[in-house]
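What follows is a set of structures for review.
Look at the two complexes coming up: chain A is in both, with chain B in one and chain C in the other.
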Partner chain A sequence: MSMSTAVGGRAIVFGDDVNTDVIIPGRYLVSIDPAELAEHAFEPLGPEVQQRLRESAVVVAGRNFGCGSAREQASTCLIGAGIGAVVARSFSRVFFRNAINTGLVAVECPDAVDAIEDGGEVLVDYTAGTVTVGSGTFTFAPYPPGLRVILEAGGLIPYLMREAEAGQRG
Partner chain B sequence: MGRTFAQKALERASGEKDLVPGQIVDAFPDLYMSHTASWRCIRTLERMGWPELYDVDRIAMVMDHIAPADNAKTAGYHALCRDFAQRSGVRKFFDVNAGIAHVVLMERGLVKPGEVIIGTDSHSTIYGALGAFGTGVGFSEITATWVTGKLWMKVPESIRVEVDGPLARGTYAKDVMLRLIGDIGADGATYCSVEFHGSYVEAMSVSERMTLCNLAMEMGAKNAFVPPDATTRAYLDEAGADPASYEVLLPDPDAEYRQVERVDGRSLVAQVAVPHTVDNVVPVTEVAGTKVDQVFIGSCANAKYDDLAIAADVLAGKTVAPGVRLIVTPASSRIMAKAASDGIVSTLLAAGATITNPGCGACAGVGGAMADGEVTFSTANRNFQGRMGSYHSRIYLGSPATAAATAVRGVISDPQELLA
Partner chain C sequence: MNMVEKILARASGRRSVEPGDVVVAEVDLLIMHDLSGYLTSRVFDKQVGGEVRYPERVAMVFDHHFSPPTEDAAAMLQANREWARRTGTHLLDCGNGNIHHAVVQRGLVRPGGIVVGSDSHTPVHGAIGAFAVALGNDSHAGTVLPHGKAWFRVPETVRVELVGTPPPGTTARDVALWLVGRIGEGGLIYAAVEFAGPYVKELGFWDRWLFPLLCVDLGAKCSFVEPDEVTEAFVAGLPAGAADRYERSDGGEASTVLRFDVGEVAPQVACPPTVGNLADVPDVAGRPVQWAELGGHAGGRLEDFRAAAAVLRGRRVHPGVRFNLVPSSRAVFTRALQEGLVLALHEAGATWFPPSTGSNQAYNMGAMAAGEAMISTHARNFPGRNGSPESSMYLAAAPTVAASAVTGTITDARELR
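So, the complex of A and B:
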């Protein structure tokens, strides 16, 4: 049986340059628990945005999503809030790394971002390299194999633990 | 085709040849920096079942973001780090008294040309000031590197920035960078290696080069670079770095750049980044007169010795405007000691400044928080909403001279008007 590589659901749409202090304020970095962090995700934007985040499965954004700090919790707080994928025009490099390394699907697909409406349904298939929005399908470059294995293991640490275990079994 | 600095640095760290931009390689970094986030790395190592460390001498820990501890929880994290460092033999451990990680490691000779250095801090680009390849990563990546010694890295394209000087009076490295970030945008250098060249860069001190490389992060850079020269060598000698322990890597004259940017320092005026993004940059004259409640001179961008000296020059014999709080947080204990011994600290105190212990301080949201509706003028590198206290406060960014002038007047001011 092949593993499903599609994630999706309701979208919450943001603009350009959403920074890490807005995604998860520095005062909450005393935690690494996804559920605890999720309570404060996007807190600077107010409770209405936070509520919509919890009802969504895909974060959609413009350019440079996750710019700013190297804080890994910017990714884990979204996972804790039930987000399975982020579709953006572009990512800051540290956010992109942190997403892959914590098992959060992050794809750059500007055409899809144009087509997605706030509250609409989105499906991301990272093996096929497609984002489906209504009747439209948009493509993006699939992950290099080395990154895909990390993502599918649930992140860098689970990947390394699995590798170490496999090594011991020899 | 010639190679850029980034190509050479990643070839050295990966052992591979003829790397081209876009390739993904396993790099073996020379140094793994973790700051107050070290506790997260230790917890992650615990989750992995305490595997053996690849090379404990490549681990550097600096307790800077929350220093000293502000409550029992963070005190517990600090205790965890101290205990781990002692048990595991981490010799490059610096406690809450040392200062900001980047500056502490550089002034102690632990950052050297040609090295690849990863850090749990986005401003790790600063190591380029000494000709090293520094880049920020998440804490899981630091933990993974503790264990495996390696990390996947994409070979970046490079941007060449030419800065010609001398700079106009009242302008500094911070103004150069704010202008550049304003011009190319917060994502103008995303995933790129940014090399700084030109007559002004060659004439700069290492401290000023730190400001350039630090702020390169705010246009999305993966790393930054200033070619090492006699100035670098003198700094490294004083810091105690053995010349035999490093190899200077320079880009080839015919290296390929994605783009070339030029900043003419001679016609520059003081620049200010206005809320809430770092690329929202205007000449100081456009926001002059804006009332502030607080001025913060601190952070890895601008709280080094010369930054404090510049602020003291502006503040000498004057006082901070009534109702304005001036907070000065030296970047390191060594900088603070020097500033104390040559009178800078007393000048600042006489002007009415609050001087805190070295570290990240208010830039990381610890001390110096703002109430609803307040405004801070800061020398740090970020003005994001809510970064310093209330989500309904505002942060403006500029040079230490502009900050000091603003503290004296109580409104955002062009430092030219106060410089003797």
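So, the complex of A and C:
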């Protein structure tokens, strides 16, 4: 497969226990449009953070990122804002599941989190299981094939639809 | 195998499962509220299509709106109603109560079954002996609605054993909050948390309910209390009657056991910004509150209104406080009427609201201005969840909420004179 499994760019760094009400406030949950949701991503932290988010490609966070609600928009709003990957010390269980299901790369790599500076460049390769920060490379357990195929299809529903079509043809 | 493993084995057609296995299992009930139901049904119609495989296994509860406050909200509920009618799924419309309490009272949650929902507190149904997990909308739309199935990784089990008898004035809600502080937020990421031990066994069903409810704050995947005679008696009293199936552990140890003595737990308050930011009530007493509320996933129970009535007997709500009472279901309001609690609390100055999830996320009530504070039985206290990010939400047990409503400051009910 020649398809690239690396995503990266400028990092925006957050702390521990970033909850879903901060990522996307509950009053915007009537939308499922990534672009519309992106306008309100991290709104409680103010316009300066929102501007930096739009200029970034990777969200970096401490432990338990995405705790709180099961809302899938916590992942889709980041995709809408142009984020390709989240690197954290750890994720809340539902955020991780939602990230994969919506096609957002989410990796746990504490050593990389320690090394990444706000505004610095980061490259995540989820097949190789590496996070590259400047001259340093940090490793994490690569995704199992079952999760990779969902991510590469762009999320759970596109994956299932493609499988269903393949099943009908086959 | 324990309860969770047995349920997952049965529902996936396997003889046995072990932690770490990934299984595709039949789902017995998908629950959605008015917000997640709107999203899931739209994603299903636009991106998936076709028939809902088992409409009788899907329930939508309008609990964030007891009545739509805007035209947009009315249109959303109208679309949900039309979808539920078209697909033949259960609809519990405005006024039926909080999503989790309402589906239990309706008899839709059955022991031994698998319950999924978009609401992060869905694991609370482990209290009735179900395997219950929060999934995102796309999982529902992509696999549960069209196929009646979802995939699960079998979780490792952590047993939390509670021993001892707390001092008078400390309720099950206080013990549950205290545990979040002791174990730590995100302390049990991905685990199945079993609540056990003599303290839990002696609690009634609706007090046990408060423990699996908090497992999301521990980072857990699901939680449960092994069904016993308390569970069986409770289930037998529901509209669907006694259950024909219970799954129980056939022995074997949990991978981890945590033991706590609850003998000296004081009444607790979870201060902003998270549920794990706990204090003994005396340590935060005196902070002003303008709002008090019994409602939400963790409140609005009959037990809460009884406790509030006991505190308010011979007293009145402080003139600077609005005390909201939000029954968690119609069944609770019926009992509150029969027991005289509705009149007693009304005359003491509190205000009754329709059964719903109350001020949770301030969809139809409960927004706060900058500088205001609320003390409530709700399940979350993230800043900005109820209006201004400059407002404060304190989480506590019903006696503390009621005592604070009397004085206008956070108050230890044991100290109220």
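The working rule: the second predicted complex is superposed on the first by the 169 of 170 C-alpha atoms of A that agree within 3 Å, B and C clash if a C-alpha of one lies under 4 Å from a C-alpha of the other, contacts with A are read in each partner's own complex, and residues count from 1 in each chain.
One rule holds for everything that comes next: a contact is a pair of C-beta atoms (placed from the backbone, for glycine too) under 8 Å apart; a residue touches a chain by one contact, two chains touch by 3 or more.
Quick caveat, the model's predicted, so the values are computed rather than measured.
**Student:** Both complexes share chain A, so when I overlay them there, do chain B and chain C fit or clash?
**Tutor:** The answer is clash.
**Student:** Contacts for A:90 in the overlay, against chain B (first) and chain C (second): which applies, first, second, both or neither?
**Tutor:** A:90 sits against chain B and chain C alike.
**Student:** Could you tell me if A:101 is touching chain B, chain C, both of them or neither one (first, second, both, neither)?
**Tutor:** Once the two structures are laid over each other on A, A:101 reaches both partners.
**Student:** Is A:44 in contact with chain B, with chain C, with both, or with neither (first, second, both, neither)?
**Tutor:** So A:44 meets both chain B and chain C here.
**Student:** In the superposed arrangement, does A:19 touch chain B (first), chain C (second), both or neither?
**Tutor:** Touch partners of A:19: chain B and chain C.
**Student:** In the superposed arrangement, does A:147 touch chain B (first), chain C (second), both or neither?
**Tutor:** Touch partner of A:147: chain B, not chain C.
**Student:** Across the two complexes, what residues of chain A are contacted by chain B and by chain C?
**Tutor:** 17, 19, 21-22, 25-27, 29-30, 32, 44, 63-64, 67-72, 75, 90, 92-94, 97-98, 101-102, 146, 155-157, 160-161
**Student:** Enumerate the contact residues on chain A facing chain B in the complex.
**Tutor:** Counting only chain A, the residues touching chain B are 17, 19-22, 25-27, 29-30, 32, 43-44, 63-64, 67-72, 75, 90, 92-94, 97-98, 101-102, 144, 146-147, 155-157, 160-161, 164.
**Student:** Which positions of chain C touch chain A when the two form their complex?
**Tutor:** Residue positions touching the partner: 22, 35-36, 38-39, 42-43, 47-48, 72, 76, 117-120, 122, 134-139, 141-143, 185-186, 189-190, 217, 219-221, 274, 361-363, 380, 382-385, 389.
**Student:** With touch defined as at the start, can you tell me which chain A residues reach chain C in the complex?
**Tutor:** The touching residues are 17, 19, 21-22, 25-27, 29-30, 32, 44, 63-64, 67-72, 75, 90, 92-94, 97-98, 101-102, 146, 155-157, 160-161.
**Student:** Touching residues of chain B toward chain A in the complex: what are they?
**Tutor:** Residues 24, 37, 40, 43-44, 47-49, 51, 73-74, 77, 119-122, 124, 136-141, 143-144, 147-148, 152, 186-187, 190-191, 220, 222, 277, 279, 364-365, 382, 384-387, 391 of chain B touch chain A in their complex.
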